[in-house]
Every structure is written in structure tokens, then in C-alpha cells.
Amino acid sequence: MDFASFFSKNLPYLLAGISVGGQYALIAIGYTMVYGILRLINFAHGDIFMVAGLLMIYSTTVFPLWVSIPLTIVVTVILGMMVEKVAYKPLRSAPRMSVMISAIGVSYLLQNLALYVTGGLAKPYPAIPGISATVTIGPATTKWVTIITPFLTLLLVVLLMQLINHTKIGMAMRAVANDFETSRLMGIQVDAVISMTFIIGSFLAAVGSLLYFSNYPSVVPTSGAMPGLKAFVAAVFGGIGSIPGAVIGAFIIGISENIIKGAGWTTFSDAFTFALLIVVLLVKPTGLFGEGAKDKV
Amino acid sequence: MNKDKMINGIISAILLALLFGLVVLLDHTLPTTGIAMTVLQKCCIYSLVAVSMNLLNGFTGLFSLGQAGFMLLGAYTYGILTIPVDARPSVYQYFDGGIVQFSVPFWVGILAAGCVAALFAWLIGLPVLRLKSDYLAIATLGFAEILRAFCQWDKLGGLTNGSNMLRKYPSFNTLLFPFTVSVICIAVIVLLINSSYGRAFKAIRDDEVAAEAMGINLAHHKRMSFCISSFFAGIGGALLAMFQTTVQASAFKTNMTYEILLVVVIGGLGSVTGSIIATFLFYLCSEWWLRFLDSEIMIGAFKVPLLRPGFRKVVFSIVIMVIVLFARKGIMGDREFSVAAVRRWFGKHRSSGSEGKEEKA
Amino acid sequence: MSTQSAENTNILHVEHVTMQFGGVVAVNDLSLDVNEGEIVALIGPNGAGKTTAFNVITGVYEPTNGLVSFRGTPIIENHPKGKMKKLYQGDAPLSYDKSIVKTPDRITKLGIARTFQNIRLFKKMTVFENVLIARHMRSNANFLSATFRLNHAEEAANREEAMRYLEMVGLADEKDELATSLPYGKQRRLEIARALATEPTLLLLDEPAAGMNPQETLELAAFIREIKEKLHLSVFVIEHHMDLIMEISDRIYVLDFGKLIATGTPEEIQNNPRVIEAYLGVGDEDA
């Protein structure tokens, strides 16, 4: 099979992969930033993403789009901050395992809450004009969201990098990620930095959910679990703590899993992600762009 | 001293015998398909699973999230090996009756379930157990997901029946059966924990560097704990398969592991009796006693607010969060409920009047 | 005094050991020997690399370069390889080609036991269990025979042994208390009991007198000599308390910035101008 025919055959999957990759990237940034600062796998992050999807569904039944989109984003950000304040902050000096269990508990709570609110019914996701419309590129028919996602993702990442590299709060974030205790001693408001991290993470998850669910007919309470885990894998793959790493990792995972689906191996598209995770952890635990761990005996 | 030990032993034996008597009695009085029966059966099975997870997470300090994967292996091994030969064509209707053309007695199936799970644990443990805390957790979780994908793969359909369910294998309809199997397995785990090897596991949990300096081979002991825990998770999976009478890979999701982990945490990491108590509380409440939270209740013309399907789970999750945040040691901490502990507790109260409140077992 | 007959039987041999963390050379070209029946001390200011040397000898760290052998068999041998070779900043010659690194548990099994500078007891276990753990490695039971109590004779013997070591350090009365509930000094003694229970022939003590007053330090010195004689041990000790070192050691090695700067008997060390410059001035202020 020559390249051209391979390309045209796989173009729909490639496009879908790039799009999903961008959406994973937006979630993965939340994981990687939180891990960088708190050394915590925020298991609830995927569920916050799912809640953002439900918020959008419920708010569009009441408000017009130009109200419900910002409303969804704001409420998601508040939720993300609240989760940190209620479930992680009290455990700051507890062993890492306790915090992780707390994260799993929050995930369980959010899913059950969603189950209760939706009554277990799949809720159809509203069409968002402009991004839900279909478009044809060569042999592939897809939605506009597929085209928009990678560009929007890259734009947001560039803005985020500017924030981290050129503002005072960004500098504080880098300092806290580097050395939590010393930063505290140097007078950095560690709690404010952590809140900021959760705000950014939740904001990006909310934007990601707008894009992601536009591609799917409906949202169910477990909708966030798998994308969440995959985004986390992307973060590990790119080198946990590194934002560009997470973005590149997310695109690679998004594209690979769609190519695998295209090849008729759908059963293994999720398994592939985890296999990749295990290989990375064993061969290069610091990921593509991660820094070496500094463990003391 | 020794006399005390003997009295404790005798009382414990009597209590256990009474418990067995109670189980036999329940078997004769409760309707076989009633809710009480099903929930109690489920409690017995999940007690074993929770204790096996505690052996790894609570006693060895290895944070693994692969429990659902090993249960899946156990359930599938049991199903595949015990479906009667004449029932195979109808079960494996899309795969020409499957490739396994023999069937073994149920108890061989249960043992094989444990062994297969332990074998896979050994293989997975080779690379994965080198990882630390949260990385170990996510890698074991990943392996569980990969195992699930393989079980659903249609190329393996002759063995696993693809994404179709396994059924028609021998199951049980008494409480005595799951109760007995769980009691035996948990007893073995308790014996292990209190042996020299159990102490080595706890040493690894408390301080890896010091444990190694005491001559404990970390890799060897971690792998052993991982395999033994998985062995019992596999048996738990086989029991679950018998309980459900059908098995499908899609049911063994990560959420199953999360739920068991939360039960273990509620009971107390490092307490066997804590895990058992928590399992019974958790499933009795969630599947039976708190069912009313899921149905709309009218008091006269007044409709009790909030009550509708799903509310039970919400209440539950909030209780769990409260325990995780405010009662971090769970119900039992790392103490055990035993006749000796209860007697000591009473003894203390008698001697020190009504004052002594704290007690370490 | 105790060294005459045993002078020739070398038990621990450390040769050209360098331990480098990134660009920091924590131990540079360290060579030393401990002979049968000796008490040897390793001293030096804070951060001189003493604990790092212990960690290399006990297999916690893999050295960048060098050789450690115990009773004639190499237990650790290494040389910088690949990228590390270019980054290597130590002074030792790169003449080792094998790569043997025994894990800490294997080294303990061979007969080297240690205590830790920052006490590392098993926190959720009793005093007795802490010592009993050390007997695990010496027992023959596998997990099945241990689980089903087929090893009860051995287990009983182990319990007796553990009790014997607790009595030796005077902690028999506290045996059922939680290890971490003991006062500091007793925790140190428990660490020693635990190390002794692994049946070592060489005992490494990492600052055993840290946090002790002069009276306790004297008692400790007597205790170290006593167990040395009773259990036929050789002792290798890191210490800050000069009075303890001068009291008990047969020979002393002085480490400064990762390098060996002097070696000799206590008298020789006390009169060595380099040592006085590098260390004893500071040491006097400490004491």
C-alpha cells in the first residue's frame, strides 16, 4: 500500500485523532500541573470534565448559548477549586496515599451525584452552532470541531506558557513545583498557587469538554473516567510536570488510538494507551520531557 | 498467660461455631432468592476480596489498583473450566462450542481461578513492582484494563467467548458455601499475616530501607504478597462468578476496584476485621437497609424531598468522603477485633472504673 | 590491645570508592580496611560523606566507581559507564570492570549489620517484633510452612533469640510497647538490638551517641566494647562525639569533603595538624 492511499484511507481517523488529541491535551494539562505541584494523581479531574459536560446540557435548556458557555466554564472552575479546598487541602501533611484515596472518593462522589441528577439517563449534548456543523475535507466528512480543536488547543497552551513564564503567579507556580517547602519558607502563598493551578486545570477541562462532547451524542456519569485516565497517561508519557510534554503526549495518544480503531482493533484502543503507559513507566519513568526525580534515602 | 490464651481460643471457637450455626439456620429460613440472602452472599464474597486487597495495600504498603483485573481472571478461569461439556455448544454458540472440551469439578475450578490470577500477578509483578506508590497504582490499573480488553477480544473467543457472557457453569444457592470458602481463605490470610512472612510484609510497609537492612529481600517479598493477594482475589472472582451465574468482562471495570479500595479504607488499612466489618456495613447498607432512599416516599400528602433513584449512592459517597477526610484511620485503624482484645478492654474498664477510654489492641 | 592477634585477618576492604551524585562528589577515592576484632571509627565534619560511605558499603547506593569486599569476596564492584564516564569527577583510577552490586538484604545476610543515623524503626510494631523481624532472614521456613505453623520449633527458637538480644540491651521490660513510644536513647539501643539479631560479624553504627549526654555516652562506650567481646564482633562506627571515639576505637579514619585526610591510632589523630585544622576545632565547639 503506497502512502497516498494509506493517507486517504486513514484521513478520517487521523483527523479524529488530532481532534481527540487536542481535547486530551486540555485535560492532561490539569493533571500534569496538579501532579507537578502536589504530587497527586487527581483522579477526580476526569469527573470534573464530565460534570462540565452535564452543566452545559442543563444550562442550555434555560439560557442562550452566549450565557451558558461562560456559565459552564465559571461553575466548573468553582467546582475544581472547591474540590481542592474540601478534599485535598485538609490532607496536605497526610501521606500521599491518603490524598489519592480522597481523590478516588471525590471521583466516586461526582459520578454518583451525576447519576442521581440525570436519573441514569444519557443526556443528549446540545449542538453548538459553528463547531457542531459538518464539513468535508477530501475523502473525510467531519465536524468543524475537529478542525478547530487543535488550533484552539495550541492557542490556549501558548497563552498558558506565557502566563507561567512571564507573570508573577507563573513564577510562583514554577517555584512551588520545584520545591514545595522552600517556596513556603520564601514567603510564596502556596495555597494561592495551588488554587490557581486548579483554576487553570478546571478551565481547560471545561473548554475541553465543550469540544469533546460536541463529537458525542450524549453524556453519562462515567463519560469522564476514560478520557481522564487517557489524559493522565498522556501527561506521564510527556513527562509529568511538563506542559508541552503533556500536549505532545496527548496528541500522540489521540492519533494512535484512532489509527488503531481504523485498523479494526477497537477492543484494544483503550488497552493500547495503558500498554504505552506501562512501557513508558518501565523504560523512561520521567517521560519524554520530564526532569529526573530527586529522591533521598 | 497461657491459660488466658486458651480461654480466648475456646471463646473464639465457640463464637465461630455459633456463626456457622447461624448461617445454616439462615439457609433454612431465608427465601433463596430473597434480598437478605443475596446481600449476605455478596457480603461474604466481597469480604474475601477486601481482605485480599488489604493484605497488599494495608499490610505490605503496596498501593495496587489491579484488584478488578485479578477478579476478572478468577471469574473467567472458573467459568471456562467448569461449564459442563454438553452446555458448551449453546454457551459458545458463536465460536463453535469453544476450544475447551472438558470440564472440571467446581472446587478444582475455584483453585484454578486462584492459581491463574496468581500466575498473572507473578508475570505482571516482574516489571511493575519496581515502581513506587502512585506509579504502581496507575500501572496495575492499566494492566487490569488490558486484561479486560483481552477477555473481550473475539480472536480469543474460543476461550473467553469474546464479548458474550459465560454461563451455565455450576453455582451455589446457599449462604453456607460462600461463607465457608471465605472463612477458610480469610483464616489462611490471617495465619500468613501473623507469621514470620507477615511480619516481613509489615516491615516493608513501615520502612523499606530498614526492612532491607534487616535482610528482607524486597523484590521477593513484594512479589509474594502481590501473588498471594491476587490468588485470593481470583478465588473471590470465582465466587462472584458463581454468585452472578453469568460473567462478562465489561463488568470488571476500574470502578469496581475503587469501590473495594474505599471499603478497605473505611474498615482501616491494616485491619482484617476492619475490612470484614466495613464490607458488611457497606453492602448491607447500600443494597438493603438504605434502599428506601432510592424510592419516593409520601408521608400523607407530603413528599419527602430528594428521595429518588440514585440518592442512596450520593449519601454513601458523602459518608465515605467524611470518613476519608475526618476519620482517616477508618473504623478499626490497624487494630483487630478479637476475643482477646474485647476481654482486655472489659478488663481495663472493670479495673479502672469508668475512666479508661482508649485502647490499643 | 585487642588487635594484636587479629591484625592480619581483614574482613572489610574498601578500595577507591567514589560516590557521585550529579556533579557532587560525596565520597572521593575512599580506601579503608576493618580487621577482625577491631573497633574502627570514621570521623569528619558534617557533610563529609560518612553516611554516604556507609550507604555504599551496605548496598543502599551503587557507587560510581570502586570496590568493596567482605571477607575476601567482592560484594560491590563498579566503574562509571557510558554517559557517567564522561561526567566522572572522582580521583580513583577506572580499573574496575565487573559490575556486582549486592542488594542490602544480601549484604546483611553475609554478616554486615547497620544502624541508621536518623532512627528507622518499624513504627507500627512492638519493640519485640522489631527485633523478631531480624530473625526472618535466618529462618528456613517458606511462606507455606510459616503460614500453616509447620515451623513452630524454629519460630519458638527465634522468639527466644529475640528476647535474648532485648535483654542484652536492657529493653526486656518494654518488649510489648510500640517501638516509637520509647524515649530516644532506648530507640537507639533497640536499633542496635535489631542489628545484632541478624547475627552479624561486622556491625556498622551510624552516630550511635547522637543526642546522648556525657554519662549516657560513657555507658554506650562500655556497652559497645561489651557486645564486641561477647559476640566476637568487629565494629565500624561513625561518630561526632570525640570522647566516645577516643575511648573505644583502635584506629580512626578522617574524612573531609569526601576525601580521606588522615588515618591512625587515636593518639596519632589527636596530634595530626590537618585533622585539627579540618575537624577537631569544630569538634571542640560541638562538645
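Chains: A, B and C, in written order; residue numbering restarts at 1 for each.
Just so it is clear, contacts are C-beta pairs under 8 Å (C-beta built on N, C-alpha and C of every residue); 3 or more make two chains touch, one makes a residue touch a chain.
Source: prediction; values computed, not measured.
**Q** Determine the chain that sits nearest the middle of the structure, using the mean of its CA atoms as its centre.
**A** When every chain is reduced to its C-alpha mean, the one closest to the whole-protein mean is B.
**Q** Please name the chain that ends up farthest from subunit B once chain centres are defined by their CA atoms averaged.
**A** Measuring from the centre of subunit B, the most distant chain centre belongs to C.
**Q** Roughly how many whole angstrom separate the Cα centroids of subunit A and subunit C?
**A** 49
**Q** Compute the distance, rounded to whole Å, between the mean C-alpha positions of subunit A and subunit B.
**A** Averaging C-alpha atoms per chain gives centres 32 Å apart.
**Q** In angstrom, rounded to a whole number, how far apart do the mean CA points of subunit B and subunit C lie?
**A** That gives a centre separation of 43 Å.
**Q** Find every residue in subunit A that makes contact with two or more other chains and list them.
**A** Residues 297 of subunit A each touch two or more of the other chains.
**Q** Subunit B: which residues touch two or more other chains?
**A** Correct list: 209.
**Q** For subunit C, give me the residues that contact two or more of the other chains.
**A** Subunit C, residues with two or more chain partners: 60.
**Q** Would you tell me which residues of subunit B are touching subunit A in their complex?
**A** 63, 127-128, 130-131, 133-135, 137-139, 141-143, 145-146, 148-150, 152-154, 163, 209, 254-255, 258-259, 261-262, 265, 308-311, 313-314, 316-318, 320-321, 324-325, 328
**Q** Where on subunit B is subunit C touching in the complex?
**A** So the residues of subunit B in touch with subunit C come to 188, 191-192, 195-197, 199-200, 202-203, 205-207, 209-218, 224, 228, 270, 334, 360.
**Q** Could you pull out which subunit A residues touch subunit B in their complex?
**A** Touch list, subunit A to subunit B: 39-41, 86-87, 90-91, 94, 96-98, 100-102, 104-109, 111-113, 115-117, 119-120, 222, 225, 229, 232-233, 236, 267-268, 270-271, 273-275, 277-278, 281-282, 285, 297.
**Q** If you look only at subunit C, which of its residues touch subunit B in the complex?
**A** Touch list, subunit C to subunit B: 58, 60, 103-106, 108-109, 113-114, 116, 120-125, 129, 132-139, 141, 143, 146-149, 151, 155, 158, 178, 194-195, 198.
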